[in-house]
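Note that subunit A is present in both complexes that follow, paired respectively with subunit B and with subunit C.
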Partner chain A sequence: MTELHFTDVQRDCLQELVNVAMGQASDKLARYLGTFVHLQVPSIALVEAALLSQHFSSRYQQQSATLVSLGFFGDQGLRGETIMLYQLANAGVIAQLLGYSDDAVSEAEMLTDISSVLTTTFLSGLAEQLENSFSYAAPRILSSRDQYFADKLAYTAEQWQLALQVDIRYQLTDYSFNCDMILLIPGEAVLRLRQTLDNILADF
Partner chain B sequence: MQLDWLLQPLLTQLNTGVLVLDAQYRVVFFNQFIARRAELDLARVQGNLLEDVFADLPIAWLKRKLDSVLHLQVPAFSSWEQRQYIVKLAHLRPLSSDSQYMAQNCSMLPLTAPDGVSRYICLLIEDATDAYVYQQQLQQSVMQLEHANRTDGLTGVYNRCYWQQQLGYEIQRAGRYQHPLSLLLFDLDKFKDLNDQYGHQGGDFVLIELSRLIDSLLRDTDLFGRYGGEEFGIILPDTGMTGALQVANRICDTVARHKMLYNQQTLKATISIGVASYFDHSVDELIQRADTALYCAKRQGRNRAVAYQPELEGYLKKVK
Partner chain C sequence: MALTALICDDSLLARNQLKKSLPSGFDANILTAGNGVEALTILRTREVGLVFLDLTMPELDGVGVLEAIKAEAMDCLVIVVSADIQPEMQKRVMELGALAFVQKPASADKLADVMHKYGLI
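Moving on to the complex of A and B:
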């Protein structure tokens, strides 16, 4: 079993990079959406992937939740999967956010669109901070209204060792909506990530 | 080693459509994959607007995606599952797909020219027709399975499990919206004699024939199921006792008058029907009441419909 522990210094460094990437993402999104976008400083946590579903099942227990997955690949073995968790009550807000009128766009398409916009905007900023660049796989809906999402999340998380959990709250002038983003990173990529963080720290 | 020569043959032979647009969504380039399937000549359409080059594009939808690629400099995606195709392209399986056009997965990627300023968008279009065809077949199989799962194999009416489940839903609906709801339970009279005289195949024949006959007397919204053996149930939504009793009498009369030809012999059968109307009952209570009425119809001489009344319970006790 790979030792996946982060030192406090490494963790702080990662938090700082996430903050910068998130700031850039909110700037880009605000310009794109033509409205003020406030992204709160995300809290990050490194958790064992196996514990993820327990963690989220209490938060999403009452509502029907949707999971959207998007894979990313970078250089030097840095790769992973992001999972966005939405409460479906938010779907209408998301549609307004993306400027969809009630045309023939399905809920599924709307969710994959917002997921790819939110995650890739953030991830491309993060890649830049890590002096890397990512390519992305098309987003997939893992579970929707009918399925019990915790099972699906547990199954997905099983394939990964470490999860970087990033809580994002998007606040727009006229609406607010919350969603959670989880970055799942396999063990060997965690080692690469730590190495990259050490390099960045050494440059200071 | 110089590898620049690779690019052209690769683009030509790549089994993925490559379409490049400038920031005004004018066509800059497409490879042979697209040229051949769309029957277009790049030299003739280069520099034209995307919507003028390809017919019937979902242009408002597409521009929303392309805008996000340009402004956010992040990729956008489209899956055949949500939008079967973007560009009308021929596919290579005209026989096995019910769609004239290729099902497509599309990635839209931001590109920046070496000058560092000029923005382009590259659309990568993959043929997902195989997946589409398999999905269609799967959906068809699922539909067949769902049908088989709720149907009684012999008579073609609903099976008991599905029928009783529907009764539960109808009771909930009737309770919520204060609509009337009635239930008929009926049983073939002296079915055992029929089986003894004509064999089980003769009995089966009568069950099939009468199911078909009775089904033709019902409305689309009525739910007709086989409760077990020679016993059947009919759920009549939005129907009170008076209407239900009319339906029951009509069924009774029609069955009694119906002649069936089996192995050169003319068969006749009669049925007895118990009728109960919903009044804040559970599924079991409603079935119990219809069953009581059915029992009384049998006791009173068969070939008749009897409406449930509380007094019947006393009648039942006396004969027992």
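Moving on to the complex of A and C:
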């Protein structure tokens, strides 16, 4: 069994790497949306993948959500999948801003585009700091306006062991836009990640 | 008397990275703060000549610190070291009186360039 525990120092290190990668992703998003993004300290949590859907079904209670998934593959066994979860309250406003037409198909297309901008920028930033490089699968929508998204999340998550849960709250200048990003990685990638963090920490 | 410099960042890694990336010719006593509130407490009680300031922090963020420094007319130079690289944010901190903006993670070369430019080394 893989021991998923991270020490406080490893956690702080990972939090800072996430912070830097988030800054790059937010800059890209701000340019893409033509607006300013208020950055907050991303809160990260490492949880067992099996417990994920439980957490999110209570958090998104009585709301439909869209899930967009992106697989990534790096060197030395560092690989995984990111999932972006969007609450749809503001999707219409953003669609208008970006010039997508106001229907479900365009909304899906828009969220796929935004996810692609956010996750590839975020992951590239993270990979660079880990002295790795990732390649990506095409983003795919796991569910849209689906009451049963928790089941789909559970199904996806059960293929992985560790979930790095990153809460992202993007407050745009004129409206709020919340999404959650989840990084799912397998056990051997956890070991690799921890070792890389230790190498970084040994330098300082 | 050597200069006193303050490194303000909520991340231990970032504080250590920055401390290690400072140019060898920079002779200063280094203090650290983990958020904006701690930074202001230090700035109000100690004579600090130079601040390396992160922006995205809990309690009080870097913009809040810059605003307080300006409002209280504190006599210190501020180099912002941040991951929030949006052009509008860079413009905002410069307007609030920051000396320079350095993108995270701060490289030793970039820090040396900036500090040399402003006569700090």
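FYI, the second predicted complex is superposed on the first by the 185 of 204 C-alpha atoms of A that agree within 3 Å, B and C clash if a C-alpha of one lies under 4 Å from a C-alpha of the other, contacts with A are read in each partner's own complex, and residues count from 1 in each chain.
The criterion applied here is as follows: a residue touches a chain if its C-beta (ideal position, glycine included) is under 8 Å from a C-beta of that chain, and two chains touch if they have at least 3 such contacts.
Owing to the predicted nature of the structure, the values given are computational and were not obtained by experimental measurement.
Student: Check the residue A:Gln161 against both partner chains and state whether it touches subunit B (first), subunit C (second), both, or neither.
Tutor: neither
Student: One more residue to check, A:Thr196. First (subunit B), second (subunit C), both or neither?
Tutor: neither
Student: Once the shared chain is lined up, is A:Thr112 touching subunit B (first), subunit C (second), both, or neither of them?
Tutor: first
Student: Check the residue A:Thr120 against both partner chains and state whether it touches subunit B (first), subunit C (second), both, or neither.
Tutor: Touch partner of A:Thr120: subunit B, not subunit C.
Student: If you lay the two complexes on top of each other, which residues of subunit A touch subunit B in one and subunit C in the other?
Tutor: The overlap between the subunit B and subunit C interfaces on subunit A is empty, containing no residue.
Student: Note which residues of subunit B are touching subunit A in the complex, please.
Tutor: Of all residues in subunit B, those touching subunit A are 60-61, 64-65, 67-68, 71-79, 81-83, 105, 107.
Student: Which residues, counting only subunit A, touch subunit C once they are in their complex?
Tutor: 9, 12-13, 15-16, 19-24, 26-27, 30, 36-37, 39-41, 129, 200-201, 203-204
Student: Name, in rising order, each residue of subunit C that touches subunit A in their complex.
Tutor: Listed in rising order, the residues of subunit C that touch subunit A are 10-14, 16-17, 20, 55-58, 82-86, 88-89, 104-105.
Student: Which of the residues in subunit A end up touching subunit B in this complex?
Tutor: 28-29, 31-32, 98-100, 103, 105-106, 108-109, 112-113, 116-117, 120-121, 124, 136, 138-139
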